[in-house]
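Okay, so chain A shows up in both of these, paired with chain B first and chain C after.
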Partner chain A sequence: MADTPRILPDEVQRLTLQAPLPLDCGTELPDVQIAYETWGELNADKSNVILVCHALTGDQFAASPNPVTGRPPWWPRLIGPGLPLDTDRFHIIATNVLGGCMGTTGPASNAPDGKPYATRFPVITVADMVRAQRAVIAALGIEALFAVVGGSLGGMQALEWAAQAPEQVFAAVPIATTARHSAQNIAFYEVGRQAIMADPDWCDGDYIAQSRQPQRGLAIARMAAHITYLSEEGLKQKFDRGLQDRDTASFSFDADFQVESYLRHQGRSFVERFDANSYLYITRAVDYFDLAGAHGGRLADAFKDSPTRFCVITFDSDWHYPPADGREIARALTAAGAEASYIEVETDKGHDAFFLEEPRFEAALAGFLNAAAEQRGLGA
Partner chain B sequence: MADTPRILPDEVQRLTLQAPLPLDCGTELPDVQIAYETWGELNADKSNVILVCHALTGDQFAASPNPVTGRPPWWPRLIGPGLPLDTDRFHIIATNVLGGCMGTTGPASNAPDGKPYATRFPVITVADMVRAQRAVIAALGIEALFAVVGGSLGGMQALEWAAQAPEQVFAAVPIATTARHSAQNIAFYEVGRQAIMADPDWCDGDYIAQSRQPQRGLAIARMAAHITYLSEEGLKQKFDRGLQDRDTASFSFDADFQVESYLRHQGRSFVERFDANSYLYITRAVDYFDLAGAHGGRLADAFKDSPTRFCVITFDSDWHYPPADGREIARALTAAGAEASYIEVETDKGHDAFFLEEPRFEAALAGFLNAAAEQRGLGA
Partner chain C sequence: MTRADHLAIASRVPERARVLDVGSGDGSLLALLKETRGVDARGLELTGEGVAACLARGLPVIQGDADEDLEIFPDDRFDVAIMSKAIQEIRRPQHVLQELSRVAPDVIISFRNYGQWRRRLSLLVSGRMPAPRQGGWHDAEALHPSTAADMADLAESLGLKLEAAAAVSGPRVGTFRAGGLTRLNWAAEDVILHLRRA
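Our next item is the complex of A and B:
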């Protein structure tokens, strides 16, 4: 990432919301731009739309390469002709979340005074992110989604969509997610935020105006979070105590162990593509996510008499959002009278399994979407 | 902590090793001072010595208040008259580990040139720590220990003692520990080290000479590690998503949640009592700990025909060193022909349970030590 605000190429498609966006914190955000990508044809009655919601540090480039970072698409195994999110059949939309840094309005964007928002950006919530997406869908002339699908923070958005606009969501697939971010997860994100804010180059949030960037703090935040995305078993199988480019310990603070070298690389490459203030705001939104809390303390009340059909998917080695969180969602949905299935996929890949090759997960997702498409009258 | 090397009061008892200490890295360390405390009377044949080994950031003040920090003793529930480590019966010794910062020679100590070692201090291992303790015991005229007891890094020292000097250890109690630090744990410590080294006040390790201290980095390191010392269930019960001093979310980056406030406090208070370079060196020693690796890849070979009796204790909610690690130790001991019992204590207190009120743990420890004392001919 450059030290000045990123210049986004023309390939980054955006629309500007016509009305100010009302936020949970009580203010409104004017001139919100939302960056988005689409794949597959929209059908005549606009009934074949799947909204794909990205995770914490993801972006809208789910099925095509990111022209800014050059990174490959993050769901190439799931989105495409003949794949579970079949572009021969569905019209796929992915937006960059509110507060993000890939073209959507966030803390790195300029405020009405022409200077970057930085910490003047309002603290946002997952509900705000979904409100922004609903405005995009409306602006595109689409009345309802066939499905909303996402993992992690994307799964929170899927749940929030179904709670906020049940009549607009035919099917929802929350993957590797939770209805309430736990104390342990708040703790991990707090370590990351403190690492960013402790970096002198954060400049009280004003680093863009000062042509600086808290690279060290952001890298440490990423390293701490990244550990929670992998399972202990996965780490053991991938690295165990293997040494990096040497046969014996160096008796130094170099990256002796492969796992150290891997983590340092994760940190370094992250700062090239992500904005530190976006990281603060998006992790904060996740901390605040508590769907039960927002509905009088009872999760089922968020989905009362929901017309949406749900497929809740978890991974057994995920300790970031463990299966117990998914089961709690499924139980609440059933208690609310909603149609819900729950699938726990056996894997050693941990939380990040939904990004990786996991045939049982892919088969479950395809099976659910195919059945829902038939119910919706979307021919194969 | 002051910005200059800590002035230790006379109450900190020390002895200087007469010979240079040979280290695993291949060098020798001259003029090593070891700080230690004792409680209870040494009996006539010096057969009633229990060595208590402290954890990562602990010190020798296990059973009396620390005169430097003013903190209370860390094992007041276990050491004292009539307690499991009964000072009416046993002579208890606790040393500050090599590389530590409570009077023992470490990176904050002056090198022979009169300037602080800082990063010129050699990288040490758990085996080096035990070598230093063996020299102390010898200097005190003690030929063998009745028992060596410790949790976490203290438990590694107990295992290393039994492996290094089996004839000198009648009984060993490794608690909440492992025979090999896992990839996940290396990863967590690496995050902490990177946070310290990223702090400009670390000054490439030379902060004492420059009258600075990497407080922010050290606090973040402590916060990241501290999460691993608690169980998710414990965090949930203690904090859940409770808010700190407010009824509703502040929509800010203040410590809204109690768990954030608690973690920040842990970080802040840690920097007042601990040296950042000591943290680097001691975590590195723990990373390097792999008792099987040091014995040809087979853990049992570390304890072949050991005359020591072992009591391996784990806590079921400990995910830093999970019960599986303790069971692996117990299995290896049995395979080696050693006398070993294994106790898994049910608790929601996580790794830190051995510092806390845990009656079943205390009873198990007392029972084992009493039985061993009878075998050793130490009257009740």
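Our next item is the complex of A and C:
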């Protein structure tokens, strides 16, 4: 079995935060490194920055191939010359989230004692991830973002940015996301975490030091979560009850069905690129995300008199973060007096639609960013 | 091409007002108001197609249903709430009119006037309901056929005063007048009512 790749020091671009990072859990993290990528020129007054935030298992390679895994960029449809996140016009920054495993400090990184943090890594939150990004932006000499854009966990970060630093966010685009991770979603992620921790190769989290990898557990975690990223209709369209490389059922526990084969493939390819402890920590951060809870139970209070303009985008077949969650965000923003747009895109592609070809989604995003850029004086 | 009724509605909207257009469609009225009146524009639109078109024009818009979603807007969030050619096509016109007047002191609505003499005559002579804007009486859009006088009565019952009314006949829009509703109810194909919370 292949080892989960650990990132070598010079493999990806990163910077080290000068000050220890304070965390919601009460401790602080020293010597935090954040891996990041950029595309497009930064303008003279540094006013054209769009921060792109990745989803749960994503990374900073939004618009160029990942040199470590060889995987293609995950948002090539949206970032590039003439695309909605136009690199002829905007300076795009994407960071690997705190707790991640593509060069940013996470549980697979070495602690000050020279050994991997493993489960000694503190439990982090989405707010901590955003604090880390704010430190990066400051280190790069950028005072404010033109926009923060992201789907799923990336959308949570967009909301958190607007709540934490309203004056630093001119526009925010939370996509296929929620302000409050649901019990159903916590349940799915708990299944995944338990699968990882039940794998004997997890070694109480200490698998790196013991040169092992809980690949079976991590693959199952990915399989369970992946189901929630697809719609029932999408699965039906793609696989229905189709058999894989056979004409009749085998009366065994082989992957008879195409959908089984597909999920097994998703699980297998995931373990080659993702660290199991990172998965535990990041899903935990997502579970803890409750922006209303953090503001006295009233979501609108997170955005009171916010100067940010928002474009909330949902997909109607998304049952991971259903449209009702997006409407709730738009409603709270409106109640708070913020300028909010809301669009529910019709698709059978489920939660993962924001990675795929969705012309109306792309047109809405482009229209919103264009208008905001004009308001920001970024020209055409 | 700018629709005559849009220009007429725009003439009732003060400069730099905060405007909500309910059923904003592709955003053409809001775009006109932004351009000619410098308003702070906001749309509420049911269709994804319309919402995408509004966003493409740079207009803030919320995808939602007039019958259900006006409640998201705080009291007096706007100076003017507009509903152009939609109030007869929703499930709860009374509720929606009340909501419009909650979110803005000034309400402008335009709709088809089934009191027009041709339509009255048509029903009398043919024994068949005058057609709604599109399709027949059975279509989903044709929920609440009403006359200008009906609508004025409803508005009054909700504590709204008729500020002014104008007739729209084809591409022609008449002058806004405070009175003369009876004549309008007889002659106008479509009407625009400017209502104000009393």
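In this section, the second predicted complex is superposed on the first by the 372 of 380 C-alpha atoms of A that agree within 3 Å, B and C clash if a C-alpha of one lies under 4 Å from a C-alpha of the other, contacts with A are read in each partner's own complex, and residues count from 1 in each chain.
Note that a contact is a pair of C-beta atoms (placed from the backbone, for glycine too) under 8 Å apart; a residue touches a chain by one contact, two chains touch by 3 or more.
From a predicted model like this one, the values you see are computed outputs, not experimental measurements.
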Name the contact category of A:343: first (chain B only), second (chain C only), both, or neither. second
Quick one: classify A:219 as touching chain B (first), chain C (second), both or neither. first
Touching A:239, do we find chain B (first), chain C (second), both, or neither? first
Scan A:311 for contacts with chain B and chain C and give back first, second, both or neither. second
For A:331, using the defined touch cut-off, is the partner it touches chain B, chain C, both, or neither? Pick first, second, both or neither. second
Going by the contact rule stated at the top, is it chain B or chain C that touches a larger number of residues on chain A? B
Is A:252 in contact with chain B, with chain C, with both, or with neither (first, second, both, neither)? first
Looking at A:366 after the superposition, I want to know if it touches chain B, chain C, both of them or none. Which is it: first, second, both, neither? second
Chain C residues touching chain A in their complex are 42, 48-49, 51-52, 54-64, 72-74, 77
Contacting residues of chain A [partner chain C, same complex]: 309, 311, 327, 330-331, 334-335, 337, 339-346, 360, 363-364, 366-368, 370-372, 374
Quick one: in the complex, what on chain B touches chain A? 24-26, 119, 122-123, 180-184, 186-188, 190-191, 193-195, 197-200, 216-217, 219-220, 223-224, 227, 230, 232, 235-236, 238-241, 249, 251-253, 255-257, 259-260, 263-264, 267, 280, 284, 287-288, 290, 293
